[in-house]
Structure formats: structure tokens, C-alpha cells
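After the C-alpha cells below, expect a handful of questions from me.
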Amino acid sequence: MEILYNSGTLLIILGLPFFLSGTVGLIRFPDIYTRLHALTKADNVGLGCIVCGLALQSASWAVTAKLLLIWLLVLIASSASCHLIARSAMQKNIQPWTRP
Amino acid sequence: MSWMHTVFALILLPAIATGMFRILKGPTAADRMMTAQLFGTCGVAILLLLGTGMGTPVLLDIALVFALLAALATMTFVRRTWQYSSKRNHGNPIQ
Amino acid sequence: MNYFILTLFDIILVLTMLWLAWYLLNTEDIFKAVVLFISFGLLMALAWVRMRAPDVALAEAALGAGLTGPLFLSALRRMNRTRKGERRLDSDENRGKDPKTGPKQE
Amino acid sequence: MIRDHRFVKDFTFVSFSPQFFFRILVFSTVWFVLTGSDISSWIVGVPAVLIASKLNLMLAPSSHYSISLSGALRFVPFFLNQSFRGGIDVMRRALSAKQLLNPGLVSYVTLLPEGSARIFFVNTISLLPGTLSAELHGNQVTIHTLDRGLPIWANIQNLEYHVAALIHISSDKKKSL
């Protein structure tokens, strides 16, 4: 039991840098498309790590299932809205930044 | 109650606060909206961690609502606000 | 220990919300204000959670961020269209008339 | 008028097709996860599940292919591995002092059948390392990439193969992928 709990804590600690780097990427990256990369990927992986860690620590199966459902919803929602934003940015002829 | 989870939630809070800069600066409207999405995802993570940290499992339901509704705002933005705004006139504030 | 960290959490949360609210009221760009409002709703839900009112937080997350946000965004589009002098779909006075000769809207 | 008529006819719960049954199963599971083991919640739950499955069947018409279990079992670890790598990749680029970006656009023609399989494919591209689906025109996907030096074609073909294994596709189609 103790091992499960500690490995859950480790997973949560692993997830935190992803969130922070997602924010750093959102601030630092040069154009919409690259910022979308930072936002969707880093945040989803970070949330996945946190959800898995909490699921390892949780006592009941119901809580674990609910956590996984939340992650699945965030995954679907963020990938769909990411595609929507990128698509309408393309339709509005916003050119991607390229290395000079 | 475990104070470790509260510390983790505390670490994630500056990630939200820093995202503010992108709302204030963001050259296009989509950049601003993406930050609102970041607030949604980070908010979900903070709620999950606080739920364990404060010992209130009800927070899982609020996180669920967050996850659903943050995407709703983005989709409304893309479908209704952004699509029609710049093709016809360029002096529009939304671009 | 936990009490101390939660207090620190509250202080950062309140400061961020005040900062957000200041810009939200101060900005001239309406779209920026709407996005700031949505973000403010999300943080307000967190604040309600910290005040140990999860039911209010649920309502705030659903109404403040989920319903008013899209409503404002839709209203913004309609407002822009009216400002550009196009015919508004919901005004009864212009219905059935030629938009060019009909009464002008301000 | 004819459309209205069909709408009414669809609401008769007479024909229990296997797809309808499957949807009821899925939505009941979701309801159970949401409410926990409270029996009295099913007073609201049973009508909600029935209406949700009927609406789902009407809004998203049933596809001709079914999901294969072995494909799904192989897809989940593949997806987790790839998205974890994507997260690491973005983290590396965001935190390094030098700017490691070299973005560009790539066009890809997919062989997946139209419908939910293609949509699923396009949405999964966004979670893979260094790629983001920017536009979908028919069977042509425009992909934005963080680094033009990455093996994008190989990655996406691999993903396409996994999605094709997820749904039952006839073997000659699979071979051509």
C-alpha cells in the first residue's frame, strides 16, 4: 500500500513540469500554431500523469474511474478545439512562423 | 488531508497567473482564447489536487464541469466570433 | 502545515483575481475583456472551493465560465455586425424592406 | 414534413438493434461512474441513458465498421507512449535556452475511410510528438510540424496503421497502407 501511494506521489511530481513548460511554451513560442503545440501536448501529458498518480492513491474504484473519465474528456475536448483553432487560422490565411 | 497535494496545487497556481500575460499581449484573438483553455486544463488539475488536499471528494464533479465547459467556450469562439470577423473589414477589433 | 500552505494558496489566488479584475475593468478591447471574464469565472470557482462552498463553485463553473462566456462571445459577433451597419436579423422594423432604403440604424 | 415524420418514427423504441444496445451499455457505465453506487439516482438515470443513446444514434449514424478489441488493446499503449514522447518533446523545446523550433507545413493523403475513423485519426495527430493537424480537405490532411527534421511521415504512417487496426478494415486495404 505504501509503495502504491509513494509511486503515485512520484507520478504527480513528474506531471508538474509538463504543466509549467506548457505555460512557458505559451509565453515563449512565436506564433499560434507552435503555441497550440505547447498547450495541447504538454497539458494533456501533465494532466495524464497527475490523474494516474491520484488514481494510484485513491482508495475506491469509483474515484479511479471518475478520474480517468475526466482525463478522457479533457483529451477529447482539447484535441478537438486545438484542431478547430488551427483550421480556422489556416482558413484566415495566418501564415505559420518559419525559421528565418 | 495531506499537505503534499496542497503544495502541488500551489505550484500549479503560478502557471495560471503567468498565462495572464498572453491574454494581455496576444496578437490574435485565438491566442487569448487559448489561454482561457489553459486556465481550464490547469483548473482541472488544481481542483483534482485540492480535492485530495482538502479532503473533499466533491471537487471531482466540479473538475468534470470545468473539463466540459472550457471546450464549449473555445468552440463558440471559433464558430461564432472568429469566423466572420476579418474577411469583410480589416478595421475590426477582433482579428 | 496544511493550514499554512492553504493560506498561501488563498493569498496568491486573491492577488491573481484582483490583478485580473483590474485589467478586466480597465481594458478598452471588448474581446479581451470577455476572455478575461471567462478566466475570472474559472478562478472565482476556485475561490468558492476554498471558501468551502463546492455547490456554489459548481454553479459558478457552469454559469460563469460555461454559459455566460459563450453567450458573450455570440453577442460580440452580433454587436460587430450591427456596428458595421449591416441589417440586423432580429429587428422587426427592417423586415420585408430593402435594407438600403430602410430606416438606418445607429 | 417527411423529415418530421421520420423523426417521430425514430422515437419508437421498438427495434433494439445491437448498436443501440451497445450505446445503452456505454452510457449506463458513464452514469454509474458519475453517480457512484446510489440506487435512487437511476430514477433520473434510466430515462437519461435511453434518451442519450437514442440521440447519439440519430446524430451520429452508425458506421459500417466495428471496433476490434485486439486493435484497441494495442492502440492504448501505443497512444500513451507516443503522447508522452510528445510532451517530453514540447517540454524540451520550451525550456531550452536556444530556440529549437523549425516549423513547417506537411501535406499527407490518408487512405482511411471517411467518417469517424478519419476524424479520430486527425484528432490523434495533434497529440503525437511534433505534429498538429491544421486542416482536413477530403482525404488530404495538412499537418503543422514543430521541427521539419523529425521523421513525420513514418510517425503518421505508423499512426494510420494503428487506427486501421483499431477498426476492422479488409486486409487488402490494410496492405496498401
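What to note about this one:
Labels for the chains are A, B, C and D, by order of writing; each one numbers its residues from 1.
The definition used in the following text is that a residue touches a chain if its C-beta (ideal position, glycine included) is under 8 Å from a C-beta of that chain, and two chains touch if they have at least 3 such contacts.
All values reported here derive from a predicted model rather than from experimental measurement.
Chain centres here are Cα means. That of chain B falls 13 Å from that of chain C.
Centre-to-centre spacing of chain A and chain C amounts to 25 Å, using the average Cα coordinate of each chain.
Between chain A and chain D, the centres computed from C-alpha atoms are 17 Å apart. Annotation for chain A: residues touching 2 or more other chains are 22, 36, 44, 46, 66, 69, 80, 89, 91. Looking at chain D, residues 34 sit in touch with two or more other chains.
Of all residues in chain B, those touching 2 or more other chains are 16, 33, 35, 61, 64, 68, 70, listed in ascending order.
Arrangement of the chains shown, judged by which pairs touch: a linear chain-to-chain path with two open ends.
Every pair of chains meeting the contact definition is listed here: A-B, A-D, B-C.
Those residues of chain D that touch chain A in the complex are listed here as 30, 33-34, 36-37, 80, 83-84, 86-91, 93-95, 101-105, 122-124, 126-127, 129-130, 132-136, 142, 144, 146. Chain C makes touch with chain B in their complex at residues 1-2, 5-6, 8-9, 12-13, 16, 19-20, 23, 29-32, 35-36, 38-39, 42-43, 45-46, 49-50, 52, 54, 57-58, 61-62, 65-67, 69-70, 73-74, 76-77, 80-81, 84. Residues 17-18, 21-22, 24-25, 28-31, 33-34, 36-38, 40-42, 44-46, 48, 62, 65-66, 69, 75-76, 79-80, 82-83, 86-87, 89-91, 96-99 of chain A are the ones touching chain D in the complex. Those residues of chain B whose C-beta lies close enough to touch chain A in the complex are 4-5, 8, 11-12, 15-16, 18-19, 21-22, 28, 30-31, 33-35, 37-38, 41-42, 44-45, 48-49, 52, 57, 60, 63-64, 67-68, 70-71, 74-75, 78-79, 82-83, 86-87. By the touch criterion given at the top, residues 1-3, 6-7, 9-10, 13-14, 16-17, 20, 23-24, 29, 32-33, 35-36, 39-40, 43, 46-47, 50, 53-54, 56, 58-59, 61-62, 65-66, 68-70, 72-73, 76-77, 80-81, 84-85, 88-89, 92-94 of chain B touch chain C in their complex.
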